[in-house]
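What follows are several structures.
Each of the next two complexes has subunit A plus one more chain, namely subunit B in the first and subunit C in the second.
Then we have the complex of A and B:
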């Protein structure tokens, strides 16, 4: 008998069904290669009323993205046998992508997400003057946006996005990969880059990303939206869009890590939101926990500081160290530990000093002992 | 005793300094000497990446090189530190030019990134290197009747090239929870949801919606607490859950704390006494049979 697997498919026809429901179909493994084949098998042999979207069958058009056991996938690029093996005999659940308006069964309406993308204006408004011949782009530049250029607008990332889930304004991971892609393209004029980045911040809510990395995991084309989002945030800070909690958080990280080798989690509420952390600290103290208000400076700090400065000299950061802030941090460290960041050097000196004195007393003792 | 280098990151500061002592003792009890790799610094928390990715690669190549200089692998107890260090390793191991560039910078401190150290996250280290059976044998206070929801967190599941568990069907936590005598609750709504930690200082309303998602699902599934191998997920579920109105207030426990308690430590030693959302199951004078 042929090996079979069960597909549990989401069914919903808003014109006749009051509520969505699931229907199970048995698909023989040896008659299908991909999940898309399996959907065709159902439609052609078992149930002609099933609707799903497809076109190229070769992971180029991005039409056939669906949710499989909770994870966005391109049906045409998903080996059916792999799904069967991973599901360990349980039915494979196929549903429409999350967060998009259902049309019928597995078909969703992409329009709202497309409209969001359009408001960001992620396209090339060329720098003037436009050259008479073609643009010449050096390979190093192409390297920067090779990956985001591969996006096929399948909305797989959108359907698994934690920020889309909780922020209806959020434009979606793919949208910010596009912003990044055009923001580092030398053909695009600066004013347009600025407008795009501003749109990413305001209309797109780029600071809502939680950095869960799911978009990187589900992208069928190897785009890395979570990392492109980090770049967009940095570029925004560099352009001067700084009045965001996220930029203050970033400044905290850059300054504290330079100053002490670590962040200071208890200083974050104050530096980002202007909130006094004392009530929280007290809660821990009441329970008897020892609380360090400033992290202990790490040994090797001065060498580490040198490294940071060397790196920043070679590759300019999107956000510079605020040395006024660093001096305030140094002062705080000195107050708490009654020592400066050069403590290690001081310690060494003390060691040598005591060594010197002990040798001195020893010599003196020898001298008097001898006499 | 087996020795492994330990990367502390920023996890054991503020009110959590005691957690490092606990971790060191727990691992010693399990036959592993965790040796703090001195001079290592913050990994950048997946945040400095926004300012300068190359800087993140540099400081983490340095962190790894410090372990390599001592001939040690690097054990990491935080999902995010793990991911950032592992991404750096992945980048440097696959890009000789980047590696050379960074090694030039590290040379000044007499360091070199060689790529010889393995980056371990505590979850696979406990399961594969220590072994679930070893842990089971060391249990002095079985957590009988405890219903514990397992929560993995994101950065050991995604992205795929650094994942330490099956991204869609993770395992290991359930086996450990079972070994401690408790009953794992694996399938619940919100088990894959983000804990919200990293959004707290970028978009607080979004973070606070996230924070309660796993606790709510766990409660509905009958769990009495959550256990996570990530100190940041733990902090989000403990501190931020307390800030959400009508939160389910399901206590969250950091995996080594649960181990410590089952190994017979008192609640203070285990760290369980310092939670904002109290771990009701813990009793101060609970007997530890030997």
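Then we have the complex of A and C:
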């Protein structure tokens, strides 16, 4: 008997069905190569009322993204046999992409996602004067947008995005890859880049991304939206768009780690959102928790500071250390611990200095300077 | 009712570029209707590049580009149109470059150009192996910038005209269901090619079903040179999905069942890198003469194993992926089963070089049009240029035309009623046929009898088979899904009916052209015959539904036909 697998397909026709339901279909493995073939098998042989999207069937048009066992994938690029093996004999569940309005069965309304591109204005407005021939662009610049221009707008990333789940206003990973792509294109007018980046911050909520990196994982074309998002944030900070919670949080990280070797969870709400931390502190005290108003500086911190500066110089991060802020932190530390911060923290440096720490700082530097 | 000054049908490269130029005049209401979202269109699948005589790598000129194109066309192209296209080439490239197309670059920052089949200089501008994709997406971004209005997922049903000028179109709103009359002073058809008539033997997208060409045919507008369909030598056996010419460029071998590099018998010098039509015919001959691979002997192998995994992954990652996903074969360890695959429709709606048809206000551009700049055989890299040049020219001409024109007085209710009735008849029919089965039958007939090698008798059989399929469709091919919303079953059925009409025309033209020229190769007439057939074929559907076949002169300006040798 021919090997078969069961597809469990989401069905919903709002014209007649009160609620979505699932229907199971048996598909012989030998007759299909891809999940798209399997859907065609169902539609041709078993149930002509099934609706889904497709066009090129070669992973370049972006029509056929669906959710397969919870993960966004292009149906035409998913080997059916691999799916069957991975699901170990259990039915394979195929559903429409998350977060987009249902139309029928596996078909969702893409309009909202396309609209986000329009809102963010992800396009080229050419810098003047426009040359008679082509703009001169070094091959290294083209490399920067090689990956983002691979995007086929299939919205696989959107359908698996943690930020969209929490923040419906969030424009989606694909949209920020496009912002980045035009923001690093030297043909685009500076004013337009500024407008686009501002849109990414405000209309698109680029700081809502939690860097879960699922978009990188699900992208069928190797675009790395999470990285582009980090870059867009960096470009925004460089452009001077700093009055955003996300930037303030990063500034907090940079300054406090530089000043004390760690972040300060108590000061974080105030510095990021302007929230008075006193009730929080009181609550901790009530519960008998030990409260450090400022973290105790690590031994050998001065040398760590040198390392941070070195790393930051090497990695060219988008945010600089705010030394006014650092001096204020130093002062608080001196008041709390009744000691000169510099002498106190150098004492045991030599014994603490190890490869482990330098690796740690290197990693931190990479995090801050994503470009 | 929807009303546009200019309605563009199709949102691939030709449609989008036409939209950008048509909406230059802010007073004009321009709409783009497409059965898929704009960035889904098949322009996105074009890999290789776009030709223009920029002369960035070697001295070049539009005239040399024109000559290569004319020669490549086997002298069937209209030379005035070719000259216009090649002269506009550089300016078009600069325009899309200014709009943001990320072309690959030379070290000094200018656009890089590479050599391509049939060209005498490195003339093909490219963006790695995804030139069409980045052009399509850049044009889409620009359309958003210009606020172009889209009717996404609307299916063209019929053209409406009064015998003199176009009045609009009827269309099916796929997403919501329902027929609409869309009123327009001018309509630009940019609906792409129709090689899907070869079903599983084509590199085309599933939706390349020639909807615009078929609508034109039904509206009494002639189709031109429909017998010319270009076959690409290396399509995957099962699906027809394209394996790029680059695979042979990097040193891949074509081998038959005896492990022989058979190209040595067909093109001893160029071997695997001979022109497309020669390689395609060689592969097909091996198969026909019993030297094909596999238990059925129905394919040839593309062997890349000697290139090694590292080189394959670096230079041909897409090829490796396609073979693994679509053929279940790992090219590092096994040869890839391939067959020539129907790739490009040289024929289409008869237009002049501004895209004008014989109905005022009705234009066609891109693969659905036949101007003709590709004649009997298109050169690689010329199709992306074609869609942009003639998309722009059609838009500019239409924008001028509509200024002095009033909308038609009709409210279209009559047309809508007729279409609704037709659709109702499809859903109410008793289903006796299976759409999938019929599509495969059409594909097999076309591939085996009107494919790479053609001959009178099998083609007449094909014509009969197609007419029989049409009869069967008429009586027993029903739309089983009754829902109005996103009724895939209905759309696929309408597409198939279009394919049937176009397959009939293609076969008829192939029977009538008793010579071999470019992509049209007749075993019973293996020579080119300029005396009798240096002319375009024209087919018009008469009111009684019969097809009328005729001829039209080829425009020759500078280059008298010579033997096409490489």
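Keep in mind that, in the parts below, the second predicted complex is superposed on the first by the 331 of 371 C-alpha atoms of A that agree within 3 Å, B and C clash if a C-alpha of one lies under 4 Å from a C-alpha of the other, contacts with A are read in each partner's own complex, and residues count from 1 in each chain.
We take it that contacts are C-beta pairs under 8 Å (C-beta built on N, C-alpha and C of every residue); 3 or more make two chains touch, one makes a residue touch a chain.
Worth saying up front: this structure is predicted, and the values here are computed from it rather than measured.
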| item | value |
| --- | --- |
| Clash or fit, subunit B versus subunit C on superposed subunit A | fit |
| Partner chain in contact with A:152 - subunit B first, subunit C second, else both or neither | second |
| Subunit B versus subunit C as contact partner of A:184, first or second or both or neither | neither |
| Contacts of A:203 with subunit B and subunit C, given as first, second, both or neither | neither |
| Subunit B versus subunit C as contact partner of A:29, first or second or both or neither | neither |
| First, second, both or neither for A:6, with subunit B first and subunit C second | neither |
| First (subunit B), second (subunit C), both or neither touched by A:14 | second |
| Contacts of A:336 with subunit B and subunit C, given as first, second, both or neither | neither |
| Nearest-approach distance, in Å, of subunit C Cα atoms to those of subunit B in the combined model | 15 |
| Touching residues (chain side subunit A, partner subunit C) in the complex | 13-16, 33-34, 40, 43-45, 48-63, 77, 79, 81, 103-105, 107, 109-111, 114, 117-118, 121-126, 130-139, 142, 145-146, 149-153, 178, 182, 185, 187-188 |
| Of all residues in subunit B, those that touch subunit A in their complex | 9-10, 13-15, 17-18, 38-42, 44-55, 58-59, 62, 83, 105-106, 108-109, 154-155, 157-160, 167-169, 192-194, 196, 198-199, 201-204, 206-207, 209-210, 239, 268, 273-276 |
| In the complex, subunit A residues that touch subunit B | 69-71, 86, 162-163, 166-167, 205, 207-214, 216-217, 224, 227, 230-231, 233-234, 237, 244-246, 248-250, 253-254, 256-257, 261-266, 268, 272-273, 280-281, 283-284, 287-293, 295-296, 298-300, 303-304, 306-308, 310-312, 314-319 |
| Of all residues in subunit C, those that touch subunit A in their complex | 36-37, 39-42, 44-45, 54, 90, 93-94, 97-100, 102-111, 127-128, 130, 133-134, 137-138, 141-142, 144-145, 152, 175, 205-207, 238-239, 241-242, 321-322, 324-328, 434-436, 480-489 |
